[in-house]
Structure formats: C-alpha cells, structure tokens
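One structure coming up, written as structure tokens, with questions to follow.
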Amino acid sequence: MTQEPRYGAGLWHFASYVDRYATDGYGPPVTTLEAIDLAGKVGNLSVVDINYPFNPPGLPVGEVADALKRNNLTAIGITPEIYTREFCRGAFTNPDAGVRARAIELVSEAVGIARELGCDYVKLWPGQDGHDYPFQVDHGQIWSYAVDGLRSLAQAYPDTKFAIEYKPREPRVSMFFSSAAKTLLAIEDMGVGNVGILLDFGHSLYGGESPAEAARLIHSRGLLYGIDVNDNFRGWDDDLVVGSVHLTETLEFFHTLRECGWEGVWQLDQFPFREDSVEAAREGIATMRAIHRALDLLDVPALREAQGRQDALAAGKIVRRALLSSQAAGG
Amino acid sequence: MTQEPRYGAGLWHFASYVDRYATDGYGPPVTTLEAIDLAGKVGNLSVVDINYPFNPPGLPVGEVADALKRNNLTAIGITPEIYTREFCRGAFTNPDAGVRARAIELVSEAVGIARELGCDYVKLWPGQDGHDYPFQVDHGQIWSYAVDGLRSLAQAYPDTKFAIEYKPREPRVSMFFSSAAKTLLAIEDMGVGNVGILLDFGHSLYGGESPAEAARLIHSRGLLYGIDVNDNFRGWDDDLVVGSVHLTETLEFFHTLRECGWEGVWQLDQFPFREDSVEAAREGIATMRAIHRALDLLDVPALREAQGRQDALAAGKIVRRALLSSQAAGG
Amino acid sequence: MTQEPRYGAGLWHFASYVDRYATDGYGPPVTTLEAIDLAGKVGNLSVVDINYPFNPPGLPVGEVADALKRNNLTAIGITPEIYTREFCRGAFTNPDAGVRARAIELVSEAVGIARELGCDYVKLWPGQDGHDYPFQVDHGQIWSYAVDGLRSLAQAYPDTKFAIEYKPREPRVSMFFSSAAKTLLAIEDMGVGNVGILLDFGHSLYGGESPAEAARLIHSRGLLYGIDVNDNFRGWDDDLVVGSVHLTETLEFFHTLRECGWEGVWQLDQFPFREDSVEAAREGIATMRAIHRALDLLDVPALREAQGRQDALAAGKIVRRALLSSQAAGG
Amino acid sequence: MTQEPRYGAGLWHFASYVDRYATDGYGPPVTTLEAIDLAGKVGNLSVVDINYPFNPPGLPVGEVADALKRNNLTAIGITPEIYTREFCRGAFTNPDAGVRARAIELVSEAVGIARELGCDYVKLWPGQDGHDYPFQVDHGQIWSYAVDGLRSLAQAYPDTKFAIEYKPREPRVSMFFSSAAKTLLAIEDMGVGNVGILLDFGHSLYGGESPAEAARLIHSRGLLYGIDVNDNFRGWDDDLVVGSVHLTETLEFFHTLRECGWEGVWQLDQFPFREDSVEAAREGIATMRAIHRALDLLDVPALREAQGRQDALAAGKIVRRALLSSQAAGG
C-alpha cells in the first residue's frame, strides 16, 4: 500500500451559496472562521484554499491563522475574489483601466496574506474575464490585457507562484482562460517563471478535454501548480461530489498524476448547495481513498503494455478489476 | 404590413442579479415599483410578468396596480417564487410534505394577486423540482408528487390558468419539468383543463429541441399559454438578447406561431447581467420588430411548397432573402 | 445471489462499419451467417437482434435459423433497414408517398421474418426520419406522416409488437423520434396497442435524459418492449463498451428496471469500430455481470429510505460500497 | 464596395457520402473528374481542395489538371486520405510504427501532387489520430508520435506548407489535434516553419471556441494557412450550408479576418448528404456574398469604439443593421 496523499478543500466548500433564483441563499451565511471550523470537523483534511477578502472583511489574518492551527489545517492557497460586482465586467480584461488596476491591487493584497499564512500559491480565478456576446470584444485587445496584467503581477512578486484556474465559462458566458492549451499559450506570452495552472478536473471535463491528458500536457511544461476534483454531467460546472458520475476518468486522472510523479494535494472543489458540507467532504474523501486503493490495485505494467498497443479492451479490463474491487479492499 | 404584436417582458428583466461568484450582486437591488418604472421607460412594452412576493414583501398590490397604470402596462402573469431557500430542495417534489404544502400555499396567494391584477395566468417555474445526483430520487415518487401537487392546485382554482415553464436544468442539476413532451405527459396525468405551458425559446433551444417544433406540438394540444424569447449558445440558459445568436431559428419560431394562428404576446425573458436593462429591452424589441418585418417579407406560399418537398435549400433561400432584408425594410 | 439475466446483442455488433471518412470500412464485410457465428463465439449470449435484409440479401431465412440453432442463439427481434439510401430523406416521414409506402413494405417483410424466427418484436429504427435544417419541414405534417405510418403498420399486424428505438439525432441531424416522452406522445396518437419502445441507454444519456428515469416513465405506461446498453461521452452515440464511462448510471438503470419488476434481456448495442467484436462483447458482458453482482450487494431498503428523503450523500455511499466491491465478489 | 474574395470548396463537397447507417451511400459514387466538373458548374468557384488518392486511384494527375483547367479552377490544396481503413487506429499516432511510416509515405506522395498542381498547401486532416476510451493511450506517447511525425514531414519537404485541420472529434471519439490552442502548442514543439493551421469554422464552433477568437489567435502567430466555412448546431460537425444557423458568428469570423488583414480564399466545407451538391454550393456562395456585403455595410469605426468599451448592446445594434440589410443591398 502506497502512502496516502494529503487531502484538501477550497474553503468555499463550507460556505453557503446564492444563485440567481435562490437569492436568499441556500443557507445562512458562514464566516471564514466558521468555515475553517467546519473544515476541521471533516477529519481527513490537511489543507484549505481560502477566499480573500475574508468574511467579515476586516478579520485579522492572525485570527485566521489561529483557527487553522486549532483545526490542524494549513493554508495551501489564497483566492482573491476578483469576480464580485466591482469586477463583473472583467478583472484583468476589464475595459476600464481603473478596474484593471484595482484587480491587481486586490491580488497584491492576497500575496501579502499568502505570505503570512505560508501558502504555496495565490490562485487566480478570472471567472469574469472574457465576453458574453458575438462582436462584443476585440479578441486581440483582451489577450493583451490578460497577458500584460498577469505579467506585471508576476514580475512584481517574483517569489510568489500564481496559479490560474481555467474554465470554459461561468460566470462569464465565455471565459478568457478557457482551456489548458490556451492558458499555456497565454502564460508563454507572459514570459515569466512564476505563473502556472490549477487544474480543476470538472472544468476540464466539461470543457471537452480529457482531464488526464490536460494534466499530462500542463505537467510536461512544469506548470501544474495544483489540482481540484469534483464531478459534473459534462454540460456545466456542477461541482458535485468527486466520483459521483465519472469514476473511471477520475481514476485515470490520478493514475496519470502518479505516472507523472506529481505528488501534490488531492483537493476538493465541491459546492454542496443542498447537502451538509461536512458530510459532502467526507463522502468526497471516502471516494478519493477508494480511488487511491484502486491505484494500488492497478496492474501498471500490464496497463502500460496495453496502452503501448492502444488496446482499449485490455486496458479497460485491467481498470475494471482494480476499480470495482477498491471498496472491498478498504475499510 | 401585418399588425405588430404586443410586446412584453418578465419584470425580472429590470431587476439586479446575484450568482455564486458575484455574491454582492451585479448591481444594487431594484424594488418591484422601480422595476415597473424601468419597464415603462422602454417605450414599446405593453405587459409584464411579475414575481411574487413583491420586493419589498409587504408592498400592497394596489401600489403595484398604480405603478403599472402610470406606465401604461398591464400584468400578463404572476410568477410565485417557488425556488428560494425554503424550496431549494424542491417545491412540488420536495421530500417534505410540509414544504410541498407551503409551495401550494404560496402559489395560492399568487392566484389571488393574479385575479386582482387581471392576469392571464399564474406562471409556475419549478426550477428546484428534480434532482442532482444519480440514485438520489425514486423517479416514480417525484412524478406522483409533481402531478398530484399541480392537480390539486388546478382543481382548487378552476378559473385560473397555470402555465408551467419547463427547462432542462438550473438551478436544479436535473429539472423535473425538463421538456415540452415530458411536461405534456405530466399535464395529461393531471386530468385537468387549466394547466398548460409557457414555452421559453431559450430553454427549448438548449434542451435540444427545435423551438418551432415544440411550439407546434404544444399548440396542437391546445396548451400554449404563453411564450418567452431570449438567446443562448445552446449549452446553458444564458438569457441573452433575443436574436443575438440564433436569428434564423427565432424567425422560424415566430413563423410557426403565425402558421398556428397563435396571437399572444411576444415576451422577453432576458437577463442583462452586465448591461443596462432598459437598453437591453429596447434592443430585444428592435430585433423582434425586424423579425416581424421578416415574417411579412417571407414568401409563405413558396415556403410551404418547399417544406412540402422538405427542400432545405429552397426554404433556406426564401428565408435568407426575407431575413437579410428585414432591417432595410424597417426604420 | 439472484438469477443472472439473459444477455443479448444486436447482430450488427459483429459486423464491419463504414463512415464518411473510412469509406472503405473499418474491416472487411461480414455476412449475416458469419456474424451469427461470431456471436456464438462470445459464450454468454442467448439472443440476437437481426438486421433485415440479410447480408447477402437473398439468404434464406432457414439458413439463418440453422445458424442461430448451431450457436445456441435465438432471435429476439428483427430490425428492418429503413435507413439506407432509398430512405435517406426519411422512411415514415419521407416527403414522397411512394417511399413511405416502400418503408411500410420493407417493415411488413420483416414482420414475416420475425414470425418465422419466433421473435419478440420488430424493431423500428427511424434514423432518417426528421430534418436537418431550420425551416426545412412543416413539423405538423411530419408528425402526421410518422403517426399515420406506424398506426397503419400496427393495425395491419395486430399480433406483432413494434418497438421504436428513439435517439436525438444521427444519421438525421434532428430525428423525429428523439426522446422517450415525445415518442410516448406519438404512440398515444396512434391509438393502437402494439407499438412500444426499445430504450437504448446511450441514446437516452446523450439526449440529456436520465436513462433510469426514462425507463421508469416508459414502463409506467406498459411500453418498455426492450432495452439496449452501451456507453458514450454524452455528446454523441459513441456505442462504446457498456460501463466504460458511466458505471454508476448504468447501475442505476438496471436497479430501476429491477425495482419496476422488468425482467427482459440485457442487450448490447456496441459498435466496436476498431476493436475485436467478440472480445468487445465479452468485455461488455463481464461488465454487465459485475453490475448484476452490484445489484445484489446494494442495501435496497436503506437505498429506498435515502431516496425517500432525496438524500444524495446517503444514497451515494450505499451505491459506492456495492459498486466498488462488485468485482471482488465475482469470478 | 470592396473587392469580392475568391471562393473555393473542398472537392468532397461534390462527392457522395456513406455513413454507418446508409452503408450503400447517399448517392452513386462520384469520380474525381466528375466532382471537378460539378464544381465547375457552380459558377463562382475559383479553387478546390482535392482528396488524394484520386478516385479511381490510378487517375493521372495530368487528367486532373486538364479537368481543373476546363472548369476555370485551380487546386489550392491536396488532402491525403490518412483516415481510411489502413489508418483507422491512427495515422501519425498509430501504435504500429509501420502504419505511421505508411502515413508519412502517403503524405509525401501528396506533396508531389501538390507541387504538380501548384497548390498552396498540403492539408493534414488527422481524423483518426487520438483515442476512444479512457485509459486507452499514454497521452505523453501520442504527443510524441504526433509531433515527431509532422516534424519529419516538415523537414523532409521544407518548401511545402502543411496545414493541420483540427477538430474535437469524429471519426475518432477524441481527436489529438482538437483545438486551435492545442494545435499551436504541438506546432511549437515541432520547431519548424512550414506547419500551420487550416481553421474550419464549424470545427471551432462545435469545439466550444469562438471561431473569430481562434482566427485571431492563429493569425497572431502567423499560422493561419487557410479557412473553411460551413455550419452546425454546436453538437457535431454537421457541415451544413454556411450561415444556415449562425449568421452573426459567421459575419464576426469574416470581420475578424478582415481586421487581421487576412486575404485568403473563402472556402466551403459543406457535406450536402441529402441535397444537390451544386445547388448547395451556390446557396453557400450566395450566403457568403451577403456576408461580404454586410462587411461593407458595417460601421467599423463605431464598432471598434463599442468593442473598446466591450459594449455588447452597441456592437449588436451596429451588426444587426448591417447584417439584416445585406440582402437588400445585393442582387
């Protein structure tokens, strides 16, 4: 049995949500400290990725650090909220130079917080960058805005790693950082060494990528800064419990990471709108543990041989045997 | 030139929106009365469909009636909000009998408001009814809940028309009333005469239907109580300005309604998240007026003849000539 | 351990395929008798569904019967090829009355073959019925064509069951019989008692349905004449090996059939374009056997209780434990 | 009025098609010379892209040249058929080194033909390169195969331009060259100067890209070797008549090309399965001429200004006025 990975979660997993219909929220608001305490109750979490500004906004970072400590958690990343009202027409690609500057400023604050909390990276989730309508933007211009903005950030904070989380769409109808390959091209244009990618399994899946293939591609360029998992029905970023729909592709994703020698945190990005957030995290971790056991059950030499022949049936049989025995092998 | 249709809009067109990212909203909140005044500013709107409870909740219906009157508007429908926190696990299909009863109660209140305002229908938008995960529900059971709940409503208010607005998904990952055909089957099981359908062009489009075909099917059973238009990229209910993506299918939709002899209101269901709501409505109406002119330019006998032969090229040529001349024919 | 189901396959599983790119075919042509012998080699197949006309066309039905017998197979259905060149603009909905008549004639021949071979049903796969372009057809007219054509068939052969296999599209860009619900409405309009549905898991899945829900709906009207399984990525009818992508939803589908008391054949509709067809069938059956074991491992009372509460996490945990132990429980 | 572009078509536009259902083809086979004569009948075509091997295979290139000449056509490209039975498990990424070598050989023959006919490029349409199933391939390995194969070709024929036509899928369930960005990354890894991209509007559209944005991105790297247009419903490569569904995005695509200063051929890649191929080409060209007139009617300074503000409504109004007047402005 190989050593288990460390498990993590976005702290928003333990928040409450609103959407355009349930405008009063799917539950009462949850503060940052409350969310950390909920994360602590899960039992197998080691790290969290924390939104900034905290809730409430004035909360001292020392209190956050204390809350993490008492729950045996550390902060792996800080996610500045560059997607709220102020930035609803874009953060880095906003047509207004003042708003673009304010986005840089907010990320800069997040850099400071990330340092204080000893994070691995500042995560950039540019969900409002892009466009909604045909003819709305000059695509060359927003490419420049995005590349220039991130370059300036990266150059200003050369010791900080910035991880872009790409997604095809939502909240913007068409997001600028939409796929692994396009994000890699943009990073290339930045010409810096501290901007990489946070690969979200669900974003990749519903963007029509093979998440395993995307992981391999990003890792081959040395830019796989982190990963998130969850699940969906391939039409939207449903952020369901990991493995609830795509068990085999989730296994393939983690198998590929192991083949690459990538050893980072297995992190949850679930949105349990209508479920208990602690129980949803526990079910996600239970599934990841089954996946981890399945990895150990895989006949890897035979699988590599089958893949060398591109023999889907032989590979499928090996995978079925491991995956459909993984629970029995566990607790 | 045939007579222009009456134009309408859901009153939420003039509201502000929140989503799970811009939790502080895409703009400041808008009250019901403010929204009516904004609708009045558009200039070509005759009717609105109004959410209930009003905003603020205590607002007397008389004030709403006054606001409508001073803006030369009438209320075509009332949409009870059976999709807020209380109903987030379902209104008619909620596992809790108490919540199901509360949904009936809220709709009943809306019936009273609809009578006071002289509406054509109470619209039911059961966006939280359905499920999210495989294995979550017993599909037979939620069929019964949905059918029984609406039947009891219809029987309690035999003089009121209830219009179900179906959609494949959102906010629920899988909505119960998901398509025209499934909704017709459920209505059939209700065995009442006052439940029909509000067909939303965008919902139909992204559900993989031909909206024109869905209109024909619903109308053939005498159940087309109303229609909404907007646009999207076929992957989500983007609620963009009508015609911004699918001009030809929008024209086909209205052509089919004319062929059916359906003469109701051409109603907007746009969500201008990042746009001025009055300008977005004006652009939607300008597009509908171009579509209306295109209908008059269509060589209908030749089109019918081409359709009789199922000749896509001949039909396409007739349509192209009308559609791409429709602006020049206008103001 | 409950008794294993009988397994079956469409005989085309053992054919060779062409498409618009590999116009010379993915392998050499396979005759009907050769395909039956390949089916016999699989080892666990009991029944096959056979295309008609046979290949070669003149093949006497007695030779087919002999080939089935020597392979311990029986014919469950006959599928007349109402989708070849002659019918490429539609079989039942073709604009040409002569072609519509010829489709009826071909199905009538298939009725005779089905009687001789003792089949359960004649399967209707109207893949060319529908349309390709906006404005191409009068949707009311093709509804009449489809309903009238099938009604006349059903009335002409009252002792034969006709099973419609619906699909959203392909080869037609938009197929007329596109969903479970729409097909049920059309069957209702026929007003006969011997037209039902063959539910293909993959068609349902990529049409945006929950296959389990579709099964429940069709069964509730007494019209579930048969089922096919395979898999895909929800964007097309890939006809991959069953369970290769959607293990959980395949389990839910068979669980729902068991809950309904439906006890028919578990039938494969895979298209192994680039794989050995016998091996692909064996892998499909091995997966179905694991699914069958998982059904026996499911804690059904607890699952029903969780579904009564619509508790996705509790249901998911029960399912995970059964599914991910199903291989270990087997051979 | 600006000068009209030259129009072209893939010669397969005038062929007959087969698919897995209409295995006897949608019409009788068409030879290369017959297809050229059909292209000549269209009336506005200047160039064609020709499949190789010719049909019949032994056809002397001189006869092809003569046929082109008598129809006032020239060959813009040669498309070697690296997607037939021999290559059905991949051309460049085939697991068998012998097949990979044979693919290189076939493309090399095409280089010779392209030289003789004075083509601009050899088009590579690697539709069988990729995979079908999860776990089927080692993604790192097929990346190497693809990059190495094309690099060796490019180095062997430094005076020839090779244009890769990417597509998300079909015939392979998951194509290796799946998007503009991924193809650019792979081209980068080749490290050569004569491999670029042929951008197919429909492939881009149904791959979830904005075709206009993809054009801008590819052009910015100097690699836009050619373009094809057609249309679809965003779920599959339907190859419908250009503009039959997405008029606005087609206009945006050509507007972007004009803004980039790109002045190549406007080329059709339609597959008129059930239509007259000459008429389908004429309708496609008629639509492209309307689009060209719409470009001249666009208020470009106002559009640029609106795009600078990312003002979707202002841009939309400018576009609507031009597009919906474009037919009236024409013949």
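As written, the chains take the letters A, B, C and D, and residue 1 is the first residue of each chain.
Basically, a residue touches a chain if its C-beta (ideal position, glycine included) is under 8 Å from a C-beta of that chain, and two chains touch if they have at least 3 such contacts.
Worth saying up front: this structure is predicted, and the values here are computed from it rather than measured.
> When the contact pairs of A-B are compared by residue number, which of A-C, B-C or C-D has over half in common?
Comparing each option in A-C, B-C or C-D with A-B, the repeat is C-D.
> As a test of understanding: of all chains, whose mean C-alpha position lies farthest from that of chain B?
D
> Once you count every C-beta pair in contact for both, which comes out on top, A-D or B-D?
Between B-D and A-D, contacts are more numerous in A-D.
> Could you grab the centroid distance between chain A and chain D? Build each centroid from C-alpha atoms only and quote it in angstrom.
That gives a centre separation of 35 Å.
> Report the inter-centroid distance (CA atoms only) between chain B and chain D in whole Å.
Taking the mean C-alpha position of each chain, the two centres sit 39 Å apart.
> If you look at chain B, which of its residues touch at least two other chains?
Expected reply: 89, 132-134, 208, 233, 235, 241, 244-245, 248-249, 274, 312, 316.
> Which of the residues in chain A come into contact with chain B in the complex?
17-27, 83-85, 88-89, 127-128, 132-134, 169-171, 173, 233, 235-236, 238, 240-241, 244-245, 271, 273-274
> What part of chain A is in contact with chain C in the complex they form?
Listed in rising order, the residues of chain A that touch chain C are 208, 233-235, 241, 243-249, 274-276, 279-280, 283, 286-287, 290, 294, 312-313, 316-317, 320-321, 323-329.
> In the complex, go through chain D and note every residue touching chain A.
89-90, 95, 131-141, 143, 168, 174, 178-182, 184-185, 207-208, 210, 212-213, 216-217, 220, 248-249, 252, 255-256, 259, 303-304, 307-312, 315-316, 318-319
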